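Encoded as structure tokens, here's the structure I'll be asking about.
For reference, chains read A, B, C, D and E in written order, and residue numbers begin at 1 within each chain.
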């Protein structure tokens, strides 16, 4: 019995409803946190931060956000790219308009603005459901991208329509602009990611989360037992967009430093984040991380092995990469349709019984 | 001196034609959705793959030549034949049927009775796979596709309208062909799905996989059939769009133009695809013509979606979609 | 018509010691064996979660689609192993299942639903029309609602659709899963009467899973009682009806006859076969 | 011996039934051409168990849906606690203290039993989004307080052992019980049950009956019950409404109904024991 | 050993254009290795990395290859260039965005590590107008010019210049944006058909080019009045439209074809040895030649750097000095086997963009090849210089850079 939970008794409801009720899990979680905060920053270099950790952390935030909407509240959205753009452009406008305010607040405010926009575009969800809604949110995606491309006020009238993140620092350490240190940007993103994950977890384990899930699982029944669908759906859009906005702001300001809306926040981004959520596991915070890791890390890993280690031509490798990612998605699905998170859960269940088969 | 109204008429007609081209792509989605409840994300890639295969066969390209050359150090590219268009189309269709069979055998057979979102996800995997596969098989360069369809301005229409308004309308011959083909396809498909035993079985499968199995409907057969049909529609769409812009990766992105059409017409309705296409085509072209210049143009992408959204608010299942049954 | 005493007839369907696991971890059937004689009505009884549905699905090969699998034992129809067939081949062999919970095709009309039942048949249109008439004869209510989408019919109407649909395949053996669920009493009687008459006049063989033990034992010839994935008792229906344990747990009778549901409050069950 | 006075009456076994809690006046409901309910009136009194019976497709479930506010009748009025109820959204009806179960189980399949039952308490949980985001403090306190109520319901219905199981995996009968638990967790003043015992064997029906009676007794909850098992209906209910093809064909005590010829013809078939 | 990186794209929506460029870039270095044993005796190590024209992958590529000591980056995407400008500046690695990227990077006093010689988008806009002036006897007043552009940072680049030039020359400019990917351009071309502009300019990339040219053919717009930027002027763009595309014009800053001594060397040392990059079927296409040209400029800069610093294994910082001192003369090019292949230009600290020379090419559908129809001409420096000053000054102030050499 590799994985234990027997003998782990709870004596209060508070203990029972904590995030990791099982000791083994809890310790592993603390270990990961300590490792991420206290060890990684010392050993990390530019490549790891810029090519792996930052995209992973930032996409995780976006995936958590989208998971709240899709996985918890059941409202499929393909507007993520557009909402990330709102976060990015909001943070850009705030950073340039209020250079003296700490960027930390800019990013949170950018999340807030995105939440408002999200609510606005969430309104149709009251009538429209399922894939229809998904396609309807594409309206948000395309409209927002068009808007940011069109109205030069958003990019401070620069000639090319690109926005560039000015240099900003937190506690005197630069986190945006050209002269950042790897560990600083890493920690900055990590703080946001961890905070978002904890908030998401809190929201989903309590009354709010249950409202969302009730709407997801059966909206009519939910309404009949007393869930106001308007409030539940719009709050999901708001919270989700808040996270997605933060992700967009970090994506622009800390990660890329310069973006062009159509390229960075196009429809592909919406699909990418949705894929992360679905592959990771709908309705699971852990799944959001798993999905982000899968789609950020796997291609890099594949590329490094195929091109780096095996010396294949880059194009063959790139094509093969697509094929492998696609095939893996299908293989995982057939093994476990409910995403990586569920795969993990089933594995745990088996470990718990191990070495007995049932 | 032609006035705005005449221009608007020309734009309107062209909108109709554009709409038909969108509808051709949308049809593929509808077919699969209707028969399995699967939203087939890979439809666009299938169109690309079909077109690539068609060109490859016509030009006698050696499949996987790049891979073969890389592995074996050979230098093969062409078989050196030129296949007539019709034969190539038939051969391509055979390839698409094989693809349908493989997709069913390897993927959906294992995912019977799963929720729509999971089936959707499988098509994502499929799309990724085929994107890489198509490129490895046929190469990523631009290919010219010419199966002998007429293209360019239609002179008689140009001249007639010139006679009427003093301004000749521009209607592309290719669009006219597309319209005819789309009309035939839609009529045939409607008859098939509404009035035949297989069509009925197909709709039954979409409602409830297990129940369909329990009455003896073979999911395998239905799905292979439908994916083949969708492959055929993808081939037609691939030919039209490939003739327009050459066969290349971007062809897979035409799927995006089909989505607003789908949601406006309804995911489950074959006539809906055509009507939706027409409304979207006309709507976006007229909007771009009238309002576009005032707000800086390039409005078509978002306007199509906004238009569809407005329709949906009034009819959440699309114009012709099956009513969403809500009961407790 | 088969008499309960007559046990020597040909066995049509035989389930030998099967074990079923869902999702690779959940063991549900722990060795179930049963025999369905040709031309008989065999009842499968048992409480919630006993494994009745699972047994039926194992027979009709619908488990795969629920991520379940038969890991041990075998299932034979006419002495031929049928476990590896796909469901549609089984239907062609004459075994059809009416699934628990109705499972109508919501978006198809009532009539289209019935027609899908004839999917595997190569029969002519007139034959099928005749059968359609037959179903409408059994269930006049369906005729009234033939043009409505099945999704909008009431629970009972959907049950009728499901049964009628199965009849349309002109089967030899029908697996009925909880046909009485949600039906009004006189309709329950009616459906069982139909079962009986199909059995007697057309020679259909039935295997039915039922909670409504009372009715089931009245119509069946032979019964199996399932508990916790095991057969705990079997015997001719008459004998089962007389068994004191069955009487108490499944028929709600005490020695003094039927007890009122009002009186169950203080009452606690005394024993189980297994626990 | 029904004394239908304003103040209520006393049942055979000595329970006190109060005044009218809910009254349906001349309800008519149509779906396109289909008339599901035609001009039906009846009332439900405080503390009673009121059964609604009738053949399949008679419109019983539709009637519950009208009470829940999910269907809006074309004609008629709904009176609740002495006041005419204005047009309302279903969730507002729920907030009035009306809870229910569904004919085709409508549990939230993606959640555990505990979470499902907790959804019954949603109307009592008032912390805002921000408080919940930070959890520690008011949100946690509220959660714990409501959890205690829920645990009582769970104990009451004897489903402790499956608390953490996802409901999708439960057998039918247990699902029905969880649904009841969810409804009870809302501490409703009116509980609507749509065929709570379909698909159960006698033993399980007995359990369910016990729960229903206990709820009615211990919490004084008023219950409206749809059921096809005449044994259950006759034994449990105080008064019965009979519907057929959307029309009311009978209303009275079980014994009155049992001998009502129209009811026998349309529904019972044979006179039940 | 010296290392060069190639951020290429052989996949994705722009693969068809990325492949020939990448092949040309790679083949030239292979040639140097095979024929000369590298540059100044140092073998060349080329690390290729696939970006798919995607900015994030571009960043990943940059980060993963910068550790290899790559001397210069050629991202082949305006988007990725913007991304890399601050990063490369911080890392002290030069970028060469040849004929794309941020135009004001021409001002080397602000953009110390970025080079965009021999020409940039504003040069392109100006040269196109100059060509129109030439064929109109120096007068464009009252003429209508339409710009069909990729609705992105790249496509918007020429707008400001064209507006300035419109003021100066009195033509009327109309703007027609096309969204990525550009498969559907009915509206734009119907509008062109109605408005009957005298000339259409195009800033397109990928499928947008093919569709635009096809639509122009369809509405029978006179092809000789249709001029594309150098990224809208490859065989890929015109071939799908068949004979109708005959006469279509596009700008260029290097010559076409294989009629140069260098290509003979290429054949003997690379192609015949089976060392050609990719499928080896792109030799001599426009974009292949451009890749080749880019590699040649990189190699020449490296040689210059070796000369300046007296070491052969140069560092990126030394490479920068070489680029800043680069001088391309006709003599040098002839010596390299590419006589009259590109314009003459020189780079300095103040001027990272060369002299802004470009020419016009025209598609000959019958022969299936591009032909130069003008000499190299210089862009309108009077108009462009102030724009560049203004834009780079803005960047400098935003990012706290003090302009200057050293």
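To be clear about the criterion, a contact is a pair of C-beta atoms (placed from the backbone, for glycine too) under 8 Å apart; a residue touches a chain by one contact, two chains touch by 3 or more.
Here's who's who by UniProt: A, B = Branched-chain amino acid transport system permease protein; C = Amino acid/amide ABC transporter ATP-binding protein 2, HAAT family; D = Amino acid/amide ABC transporter ATP-binding protein 1, HAAT family.
Predicted model, so just to flag it, every value in this text is computed and none were measured.
The chains in contact with chain C as well as with chain E are A, B. When every chain is reduced to the mean of its CA atoms, the largest separation from chain B belongs to D. Annotation: 32 Å between the Cα-based centres of chain A and chain B.
Mean C-alpha positions place chain B and chain D at a centre distance of 50 Å.
Rounded to whole angstrom units, the spacing between the C-alpha centres of chain A and chain E is 37. Residue positions 66, 135, 140, 296, 298, 301, 327-328 of chain B are each in touch with at least two other chains. Shared interface positions of chain E, defined as residues touching 2 or more other chains, are 10-11, 15, 19, 151, 179, 278.
In chain C, the residues that touch at least two other chains are 26, 152.
Residues of chain B that touch chain E in their complex: 7, 10-11, 14-15, 17-18, 65-66, 69, 73, 75, 77, 135, 139-142, 144, 146, 151-153, 170, 172, 241, 244-246, 248-251, 253-254, 257, 284-285, 288-289, 292, 296-298, 300-301.
By the touch rule above, chain C contacts chain A in their complex via residues 21, 23-27.
For chain D in complex with chain C, the touching residues are 13, 31, 34, 54-58, 61, 103-104, 169-174, 195, 198-207, 209-210, 213-214, 228-232, 235-236, 267-270, 272-273.
Partner chain A is touched in their complex by these residues of chain D: 68-70, 89-91, 93-95, 99-100, 102, 106-111, 115, 118-123, 125, 127, 129, 132-135, 139-140, 142-144, 147-148, 151, 182-183, 186. Chain B makes touch with chain C in their complex at residues 112-113, 197, 200-201, 203-204, 206-218, 220-221, 268, 322-323, 325, 327.
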